[in-house]
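What follows is a pair of complexes built around chain A, which joins chain B in one and chain C in the other.
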Partner chain A sequence: MKTKHKKIDYAKWGYFFILPFFVSFFIFSFIPLIDTIRYSFFEYYRSGIKEVGPNFIGIENYISLLGSDMLKYAANTLILWIIGFIPQIVIALVLAEWFVDARLKIHGTQFFKVVIYLPNLIMASAFAMLFFTMFSTNGPVNEILMSIGLIKEPFDFLGSVFGTRSLVGFMNFLMWFGNSTIMLMAAIMGISPDVFEASELDGCNSIQRFFYITLPQIRPILAYTLITAIIGGLQMFDVPQILTNGQGTPDRTSMTLIMFLNSHLKSRNYGMAGALSVYLFIVSGILCFFVYRMTNNDDPDGSKAAAKKAKKQRRR
Partner chain B sequence: MKKRIISILLVAVITASSLAGCGKSSSSDAEGGEEGKVINVYSWNDEFRKRVEAVYPKVKETSKDGTVTTLNDGTEIHWIINPNQDGVYQQKLDEALMKQADASADDKVDIFLSETDYVNKYTDADADVAMPLTSLGINPDTDMAEQYEFTKVTASDVNGVQRGSTWQCCPGLLVYRRDIAMDVFGTDDPEAIGQKVKDWDTLKATAEELKAKGYYTFSSYADTFRLYGNSIEASWVSPGETTVKVDQKIMDWVKDSKEWLDAGYLDKSVKGQWNDDWNKAMGSSAKVFAFLFPAWGIDFTLKPNWDGENGVWGVTNPPQEYNWGGSYIHACTGTDNPEHVKDIILALTADKKNLLKLSKDYAEFTNTRSGMQEAAGDASYSSEFLGGQNSFQYFAPVAENIQIAPLSAYDQGCVELIQNSFSDYFQGAVDFDKAKANFETAIIERYPDITAIQWPE
Partner chain C sequence: MKSKQSSHLRSIMAHMVLIILSFMCLFFFYILFINATRSHADLQKGFSALPGGYLFENLRNVANDGTFPMFKGILNSLFVSGCSAAIATYFSALTAYGLYAYDFKLKKAAFTFIMAILVMPTQVTAMGFLRLVTNMGMYDSLVPLIIPSIASPAVFYFMYSYLQSSLPMSLVEAARIDGSGEFGTFNRIVLPIMKPAIAVQAIFTFVGSWNNYFVPALIIQSKEKMTVPILIATLRGADYMNFDMGKIYTMILVAIVPIILVYLLLSKYIIAGVTLGGVKE
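After this line comes the complex of A and B, so read on.
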């Protein structure tokens, strides 16, 4: 008798079931990715309906991008992101702390969790359209401000750098703070209640507890939130695009990197757009590397420094 | 990259749906001979379909969802509609045109439409995507003798070969509020108002009068752009060159707009067109005296935004003759239905009876010189919205005198970007030189083959 059924190999079924993902990833993500990188070395665009290229031009696209306003747009993106991110993380931290604090006994936590997450469910473009109308010079916000006597003349929100940038920041804040809150709540709930109890017995007040216990304990998650937010911020596009009609007005101060990329795609300039994408890819890649390192350490609080410290202590 | 995938998917869907359509059209009579069974029409809305249904005699019926129109001989017209916004229509059309040579007979584009802003891109002689009318067997000189000359020039390539034709003609007028005219000038008679706005200098004096009473002459600096922009002497980019030449007329527009805005003749809070503030400026509570609109503007833009009674708006002559818009019908190179296409183009753009019907039903100013003269003298063409005024009376002389600016394939971007760049300057966000620099940056971004920008003086 042959021992045909002696060893049953289930592994192939595993591969079989994850195959669809790999196939679709390969077709819809990997090939376009390689294509993008390939085209970034070519002069390839459309003039009218006549196609120019693809002609191989080496790294000329990369050089001319460095000579363009790319860095200015990168700075714009960063500023817009910071304006939104700082209130986002602060409010999220405070809310998360309150929601999980058993002694505060906030009623309807579940309800508020849903409500603060809601703005994220609205399409960014619809959200931007709404703000565009609300904050237009003759819009409702100006009318309210004038009728309660705060300002005499309508304030031109979208005509000023300050107004436009803060609106974009505000919208990003509104859309994302719920998301961060929920993530940070999970992190805080993961802290052992023993630590909190001990601190309470030692006479720790709530501010001390926040700064000396909660914050250090959730540091890895906080870092993760920060870096994913930066990567998300790098790709900021929909809100300023709709709010400024794709122009990054005024004076191109709200033009983000992806909007810049988009204006290249208007002329089907695959070469230049490809080169810009590769730059973005490299930056996101580096950031991802940090996240990966941070989430893959098996030391107690997730940071490198702590890992080294722990090692030293063990050696002693 | 995502866009590419989506477009590939869409193409697949379109192909699949047109193939599915083929199954139905098995019966047909012999009339067409070697004519194809499917006429594919690319357009950005159902405007053209409605016009065809209204006047093309061979239309039998249109499916409920409006995607397929069957003709009497069994040939099907497939309407492939993509919105104009964000250049989606042109993207989809360009994709289809690139595949034209390899497409099977029933998938080939047979007719496509274009607007004045980008008609030049498609009538390009080298690209040769729009067939010369003569190749279809149409002689523009005799068959289309009734058309306004400038519409023929617009649809022609550099060699003067006409490659498209339009049913509409878009001369613009000055549309004004009668109640404001009464208040400021003591009269709302179109002739008297016409005298007050007959040229830029007179209009400026009039603007001062309006300002004294607290009214704006126009809503936004963008309102007057077409009048300057359509009278430029040389095209934005000369054929075969890669330099954008900004015309003196454009700089005049910048200078005058700044002056008018600072003087308070224009509403500072309205920035450009097609936005909420602009729409509100057409409402009864606004303080804006006039708009510059062609026939479609009055019907599609002003009317829906007006919240008062009919008869408050009136039309009179503009300070300068101009044209704004217009949809052109092109026969696509490689079409397998040349006879049908020819038939449709002739019925829609060269048949006086049909065009007059369109004028009556859709309040359009159509492309027939003698027909429009008749309409101007015919009280049945008067408009209820304009208080019984016959606007054709004012449109017709403007149409006769339009000098259309020479076009280039870069017009759409140039027109859009120069207005955007100088918008910051008008509002005081940047100085003049910075606005110029911003235009240069933007235009090179949009058109990679542009190498230099030349300013007048």
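After this line comes the complex of A and C, so read on.
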């Protein structure tokens, strides 16, 4: 009886330990979220020095956003993300497979890992500024290309839709492929070596092994990488913002959703910014749900279910 | 025999691809370094693969530039990132221990809640956050860049996984029998055990905060409070064509050098830490 009483006493301490987290979350995330949702239903902006609103206007902000360029910016974000993500995941998969493959005898694995992860830690805004100066018409990249005779006149990378989008995609690729490689490598190393040995005995070549063993085995982590990458892509801001000075040039073809949100916040158009935030909140909420399911699933890769099934069959 | 030869070929190909990719990763930093060591006049003449002798001259110019107080910016960034890293790791460890060691009623609900917001983008609440900070009188101050990191779900998740694998409850019970208070147990026994996890997460939080641009750009207004990314952004917004290009390259260099130094010193731990925060095995 006494010990039971004591245990209840200790349990209450848990509340003290988790209190700071929840207080901080409540003040700095929850209240702002409610405020954001509330003002999304108001006409509330500043024109010049005069403040208009807040006047309640229902869902008008949401409707006028749909009529604005928001969908175009969503498409831009998606395009920029795909340009970076496709090469990123392909290269990461190939590299991860190579690093793990003992038969390839890769020298200096640690060195290569350190180098390919480096861009991930570099300040995205400084990286974008660096690319901006290097790819400008009189920048070093144009000078190099001209001196080796690839082009005759300087190419205006940032003046063309293709050039700007490729640069953003390329930078995203450079910044994230090392990270994905290391994640996927850990996943591949988690596969039981027995499976690989058995496949080798059965005369499986490296390409078959990749498609029939590695890929299916790491599917859960691949899915996790994909969804977190989508959430990261939704937040794309620093690189295109600095590269195009917040304009999304040329002709707003590299304007992302968060850049759009940023411009509303900078001009203090709280109503519109609120409605846009709510749209983003809904989309990221759905994506978060998938991540939650993955990280909290007791059986993320279906291995337990498979084991159970096998047991049943054996019993039979 | 044939398969041996083909795997030899594949090995050569793999090395070539790796070298090309590494070249791509390092090339831009190499150009950055070279150009930061050359004067404006040299840069106008064209590209050179060899460094010049102007680095210190450029550094002096950057230090003396009043419109872009880069070194003040680095101090601000160091302060914000250092405090954020300390606060985020300490309070995340505290939260993780609270949820790991105690069986209270709302334990499951609290855990589920944190996991649900694990990857929630901060941008969706930015508007309300900006208004809140303004109403609290903390607009244009470094404080709102630091305090919210008390609630860092990702750091919490890492700490929680670490506790699960390395803190036996018998140790806590032994401390209780010895008369240690609950917070005392946490600070004297649990924290030292969590040192490796704290170190890894401190690095990641520091880097994340150092590179953070979106929220600081909304909150900071005055020049002497700007962090490095905002200074880079104002540099981009200015009429850069009239600037000393050597100075611009040097500014970018000093913005990223601190992180590169940290990375080179701790790369082993950082790379090992990347995977630990992800999906559990």
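We take it that the second predicted complex is superposed on the first by the 284 of 316 C-alpha atoms of A that agree within 3 Å, B and C clash if a C-alpha of one lies under 4 Å from a C-alpha of the other, contacts with A are read in each partner's own complex, and residues count from 1 in each chain.
Rule of thumb we're sticking to: contacts are C-beta pairs under 8 Å (C-beta built on N, C-alpha and C of every residue); 3 or more make two chains touch, one makes a residue touch a chain.
These figures come from a predicted structure and were not determined experimentally.
**Q** Between chain B (first) and chain C (second), which, if any, makes contact with A:V90: first, second, both or neither?
**A** neither
**Q** Quick one: name whichever of chain B and chain C touches more residues of chain A.
**A** Tallying touched residues of chain A, the top partner is C.
**Q** Which of the two partners, first being chain B and second being chain C, lies in contact with A:L265: first, second, both, or neither?
**A** So A:L265 meets both chain B and chain C here.
**Q** For A:I221 in the superposed arrangement: first (chain B), second (chain C), both or neither?
**A** Touch status of A:I221: second partner only.
**Q** So in the superposed three-chain picture, is A:V291 touching just chain B, just chain C, both, or none of them (first/second/both/neither)?
**A** Only chain C; A:V291 stays clear of chain B.
**Q** After the superposition on A, what does A:T137 contact: first (chain B), second (chain C), both or neither?
**A** After superposing on A, A:T137 lies in contact with chain B but is clear of chain C.
**Q** Does the superposition put A:F21 against chain B (first), chain C (second), both, or neither?
**A** After superposition on chain A, A:F21 lies in contact with chain C alone.
**Q** First (chain B), second (chain C), both or neither: which does A:L71 touch?
**A** The answer is neither, since A:L71 touches no partner chain.
**Q** For A:Y117, select first, second, both or neither according to whether it touches chain B, chain C, the two together, or no partner.
**A** It touches chain C, and chain B stays clear.
**Q** Look at A:G159 in the shared chain and tell me whether it touches chain B only, chain C only, both, or neither; answer first, second, both or neither.
**A** first
**Q** Just to be sure I follow: which residues of chain A are touched by chain B in one complex and then by chain C in the other one?
**A** On chain A, the residues that contact chain B in one structure and chain C in the other are 28, 32-33, 35-36, 132-133, 246, 265-266, 277.
**Q** Using the touch definition from the top, list the residues of chain A that touch chain C in their complex.
**A** Chain A residues touching chain C: 7, 10-18, 20-25, 27-29, 31-36, 39, 91, 94-95, 98, 103-107, 110, 112-119, 121-134, 140, 143-144, 147, 174, 177-179, 182-183, 185-187, 190, 206, 220-221, 224, 228, 231, 234-235, 237-238, 241-242, 245-246, 258, 261-262, 265-266, 270, 273-274, 277-278, 280-281, 284-285, 287-289, 291-292, 294-296, 300.
**Q** Can you list the chain A residues touching chain B in their complex?
**A** Counting only chain A, the residues touching chain B are 28, 32-33, 35-36, 45-52, 68-69, 132-133, 136-139, 154, 156, 158-161, 246-247, 249-252, 260, 263-267, 269, 272, 277.
**Q** Using the touch rule from the top, collect the residues of chain C that touch chain A in their complex.
**A** So the residues of chain C in touch with chain A come to 7, 10-11, 14-15, 17-18, 21-22, 24-26, 28-29, 31-32, 35, 46-47, 91-92, 94-95, 97-99, 101-107, 110, 112, 114-132, 144, 147-148, 150-151, 156-157, 176, 182-183, 186, 207, 210-211, 213-214, 217-218, 228-229, 232-233, 235-237, 240, 245, 248-249, 252, 255-256, 259-260, 263, 267-268, 270-271, 274-275, 278-281.
**Q** Write out the stretch or stretches of chain B touching chain A in their complex.
**A** That would be residues 1, 3-5, 86-87, 94, 97-98, 121-122, 124, 126-127, 129, 268-271, 275-277, 280, 409, 420, 423-424, 427, 429-430, 434, 438, 441-442, 445-449 of chain B.
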